[in-house]
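Each of the two complexes below includes subunit A, the first together with subunit B, the second together with subunit C.
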Partner chain A sequence: MATMSCVLEGNRVKAFGKAIHALSRIGEELWLDPMVKGLALRSVNSAHSAYTCFLFSPMFFQHYSLGSGSEQGSATIKCKLLMKSVLPLFRGLNSIERNVERSQISISTPSDRVTIQFFCRHGITKTHNLHFQESEALQAEFASHLCPNVLKAPARLLGDMVMHFPVFQEEITLSMMPLSVSFRNYCEAGNDHMKMMYTEMSLHPDEFDYFQVGVDSDITFCLKELRGFLSFAESHSLPVSVHFGATGNPVRFYIKDMVLEATVVLATLMDSEKRGPSQPIGPPNPTSPRCADAAALPAVSYEADGSKPQDIPAVTELITSSQGSPIINPPALMQLLSPVDDPDRLGVSDEACPSATTTPASTMICSLLFRALSSEQDDDGCAARLPVLACHSDAEEDMEEDYRRSPSL
Partner chain B sequence: MPLSTQSQADDEQYVLVASLDNARNLSNILKAITFKDHAIFNATPNGLKVTVEDSKCLQANAFIQAEIFQEFTIKEDLVGFQVNLTVLLDCLNIFGGSSVPGVSTALRMCYGGYGFPLTLFLEEGGVVTVCKINTQEPDEPIDFEFCSTNVTNKVILQSESLKEPFSELDMTSEVLQITMSPSQPYFRLSTFGNSGNAHYDYPKDSDMMELFQCTKTQTNRYKMSLLKPSTKALALSCKVSVRTDSRGFLSLQYLVRNDDGQICFVEYYCCPDEEVE
Partner chain C sequence: MKFRGKIVDVACLNHFTRVVTTISKLTKTCVLRLTPDNLFFVLSGKVANGGVGMWCELSQANFFDEYQMEGVSPEDNEILLEVTPENLSRALKTVQNAKAVKVKLTKKHCPCLTIAAELPTLSSVSRVVTHDVPVDIVPRRLWHEFKEPIMPDFDVSVYLPPLKTMKSVVDRMKNLSNFLVIEANLNGQMNLKIETDLVSVTTHFKDLGNPPWGDDAASPSRESEAMAEARVDVRRLQQFLVGQQVNPSRAMCNIVHQGVVHLILLHEDVSLQYFIPAVA
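After this line comes the complex of A and B, so read on.
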């Protein structure tokens, strides 16, 4: 039997609740992973194209303990909860701030329960016992220190930028060039260009706390999934680090302070050729890729190399499927996850990815993608080379796109 | 005011005339019991009692004393009728129901007796509307036989402390369980929903607890669908008394202050779903 028990005080409860809000923007399930280094909360969206993790160090809590009643010794519980069971408990953040003096969260495997207790003003106690499912750990591996492009900016700066995009704007494109960074909204092909409002903002490198451009790139990712994270970062006044590479590679947003750190990894669209009106508007692609259909999170297993740029936190977490796709053969998965220096192991031919630019760093990355593929595409030659961990049904017309959207690198 | 210029002769025909300078003093309290379309009105010289029932297991009553009304004239000892409460509320709010300070809808409610419609004269800003609502023969309200001598447990809480828990009750739970006891947990509300269970505990020495008189540990369950409507009454109230009797029947009594600071009462009676020891 494994247990965990932690106590949060006052305004830490509100911060915890705010993290849950950010996590709820991503996925419908919440993974709780109590570890020695802290309590990790994770979520991933159904297409596996967005992942987020909030790690609260033991110092965040007034009290944090892992029970060690397990026979396996250091086995810990990994539990999965439905977001709709947890979110209502933390929905009223203002009310939590006003009323909750202390909160206790404990996990107990014998009863498969997570107990969240709020000790409120006037002696009132609220106790919630939630059922959980034991689950595989959900983690995403992302070697930040390999990313050629790095930005670091106060959350406020990024918040101010995204504020200009309407709430319904799903995707935005971040373009990085040696002398500027721009954000613009991503327009789906087929929309009437005359009715669209294009928004583009540029920032000078000086506006960033850290600016490193290794490769010119445009990355298009889902803004919706980032908003909750940015809101959290702003409320804690933390600088946000952004790591990314060439078009089509995932982007990672990261914040850290003394007691917590949080990450969002988003897949980016492969073909980000769409630009604003500054470019001649040719015949639009019949089906423009959308983030939800995009090749999903890469799990990058990579052995760290010696040279790390300053300020870039090393991130190595291992991605495993939380869903257990029937397509992937586990031994094959393990093969791909072992450190690889041989680019040929990538299993992707160049003609499959005409738009991918390769950089020295990226050729060393062994990338394993959660492909958004429908099961009919199993026979697809490209798919046979690609280990697919999760199924996702795509529209028929996207099949062509899917073929081209093989993992790059 | 146009309403008051009605001649006395007209009033001869009515067995009940009740006037309010501010119709909200009636409509707000009626909203607290509007979970069914039909309501039974019973008027006595003491005032007005409006009753709404649900499936013979739940009864809500709103009491508006005669003193609340600017005019309350009744020609018989008991005047009773049944009307569609939703329609009545729509009429009371016919001028839009927006609360601009200083502007209110004045009401003159008249009833001619058996077979006559309920006539409402509503005036705001010089505009008068007359509404006639069909009445039916009143049903007999259920007598839950809840008497104070049979009460085993009673608490009075400040509504503030219950408002939030009530509004966030897990609606996937079919029942609301109420535990009252002279020992821990003293007063507990529990739900059993799809994701798990939840308990809200109020200690007897909480400063939100105005009165705590529990003689015996009792746990009773009530259908959530029956009790959830009481949230409206709770939202309006400043205090609530919770009583259970030896059979497990529940009485909730809410103290409501109207716009003018006058006190009215709303009460809910509910049968237990099942006995839980």
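After this line comes the complex of A and C, so read on.
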């Protein structure tokens, strides 16, 4: 019988609530994944083009325990809850700040319930029981240390940029060039774009805590999905790291402090019109769907039995193959990706997809391909060759440090 | 046709932004008329707008540090642009802390008013934010529609009560009826009335005072108690009141009996006139 129980105190309840708000901007379901290293909250949007994960370490909680007398490594429950059941509990953050002294969250398997209790002033206790569905955890993988472009900036700076765009602005384009970073709003062509207001701003590299441009690129992503995350980052005054690559590849925003870390991975538009000359146009692949639907990266999801990816070789690779096109076998990919500062090489990976010529002029969102590893994995051994694209955050952090020290892999 | 203006003073920027925001609450689109000395936001009282008209006049020197324009031709030294004031308002609101804001007529994908703001940063290089607000050039042959409205031959002119008070009254009346009667007399009294099958409500204001337009303005033989009234769409009146963000130095209402309600707001450097036609 696997359970989890944690207690949050005072300010932490508000922070937790703010995370729920950010998660609610992404998807309609909330995954709770209690692990030894902390409680992970995840959400993904229906198009599978946006993913966010908030990981609260045990130190975030006043009290955090997994299982009732169970050993480490034994089965932990992964729950899926409806966002609209959870969000209202944390809706009024100001009221939570004023009234809630402590909160307890526990997961209990026999009754399939998540119990959220708020211990408020004046001896009032509010208990909410939410039914959960047991589910495999979904996780997007992202090889951030392989990204040629890296930015790190105080959340405030990004918030100031984003403030210039109206709340209804769906997508924005971030352009990275050796001497500047610019943000502008993105309007789909033909969408009454003659009447739209265009907003653009550019930043000098000096304004960033860290600025690394490996490849000139324009990435267009959904701003709406990012706002909640940025708001969370600003409220904690945390610097935000941004990792991305060439146009069409996903972008990752990341924050971390002593007790929590959070990630948002967004797919970016593969705009055929915006392709730079360095990207070679590969031969059309008739068997696969249009490249514009290209999944940016496949993700690995864990079995409910909590098997960890440590068994799989810690080789991280970025796959930009479309859903239907053949998976590139790892050795070739490694070759493609090793010199990361060579833009042409990175562009070559696009050869996996059919060329821009097969796509219509209109742009489409790349979706992150999420594939659950089911029991079939043993059958065709596919999964064994499927690269693990990201390690656990601890290992990933080490890799990031390695990367910084030796930028040319 | 050229236009280039620069606002450097933060109070001027703030004030200009508030004016544009007020206009944006009154109408979705309007015409911006630029002359060497003034800017006008104009809504011509066409039937399409329900006959509502608006005329807002700003003296450019009160806002702009630099102001250069070249009209359509030397004889017609004006520029008329159809614009969505909400876009302008949004663009201006985000750059309130700018060191300088330039407003220029540009040609991007279409004619635009470009708001370019230089924002302060911690580093040595300023951050530049540009907003391109699309506009439509109004051709010369249509200019006659956007002339300054003639003061109507009103029957009564009265100072308005505090706009906030008026707004809260009208807000509640709007829930009860679509139409509202405004009546006033030369004795400084004004009533707002609604009447439906179930209920009638009247709010009385007194001791408002009457603006001294001069003897030839109102008919001298008019009894001071006689009310001039006009029945208007309550939403139009509410729209006018919702947009007001600052208390004007003077607020007046001229009523043409069963004709039109002419509201005039005067601030130090901005004047706003709003015409609401009476309905039967």
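What we mean here is this: the second predicted complex is superposed on the first by the 262 of 409 C-alpha atoms of A that agree within 3 Å, B and C clash if a C-alpha of one lies under 4 Å from a C-alpha of the other, contacts with A are read in each partner's own complex, and residues count from 1 in each chain.
In this section, a residue touches a chain if its C-beta (ideal position, glycine included) is under 8 Å from a C-beta of that chain, and two chains touch if they have at least 3 such contacts.
Note that this is a predicted model, so its numbers are computed, not measured.
J.: In the superposed arrangement, which partner chain does A:T199 touch: subunit B (first), subunit C (second), both, or neither?
T.: In the superposition, A:T199 contacts subunit C only.
J.: Given the touch rule stated above, what does A:E207 touch, subunit B (first), subunit C (second), both, or neither?
T.: So A:E207 only meets subunit C here.
J.: Quick check on the superposed pair: does A:M163 touch subunit B, subunit C, both, or neither? Answer first, second, both or neither.
T.: second
J.: Taking the superposition as given, does A:S95 touch the first partner, subunit B, the second, subunit C, both, or neither?
T.: The answer is first: A:S95 touches subunit B but not subunit C.
J.: Does subunit B (first) or subunit C (second) touch A:K126, or do both, or does neither?
T.: First partner only, subunit B.
J.: Show which residues of subunit A lie in contact with subunit B when the two form their complex.
T.: 81-82, 84-85, 88, 91-92, 95, 99, 113, 122-131
J.: Of all residues in subunit C, which touch subunit A in the complex?
T.: Against subunit A, the touching part of subunit C is residues 87, 90-91, 94-95, 108-110, 112, 121-125, 127-134.
J.: What residues of subunit A sit close enough to touch subunit C in their complex?
T.: Touching subunit C from subunit A are residues 163-164, 166, 193-204, 206-207.
J.: Could you list, by residue number, the parts of subunit B that touch subunit A in their complex?
T.: Subunit B residues touching subunit A: 161, 164-165, 168, 170, 194-203, 205-208.
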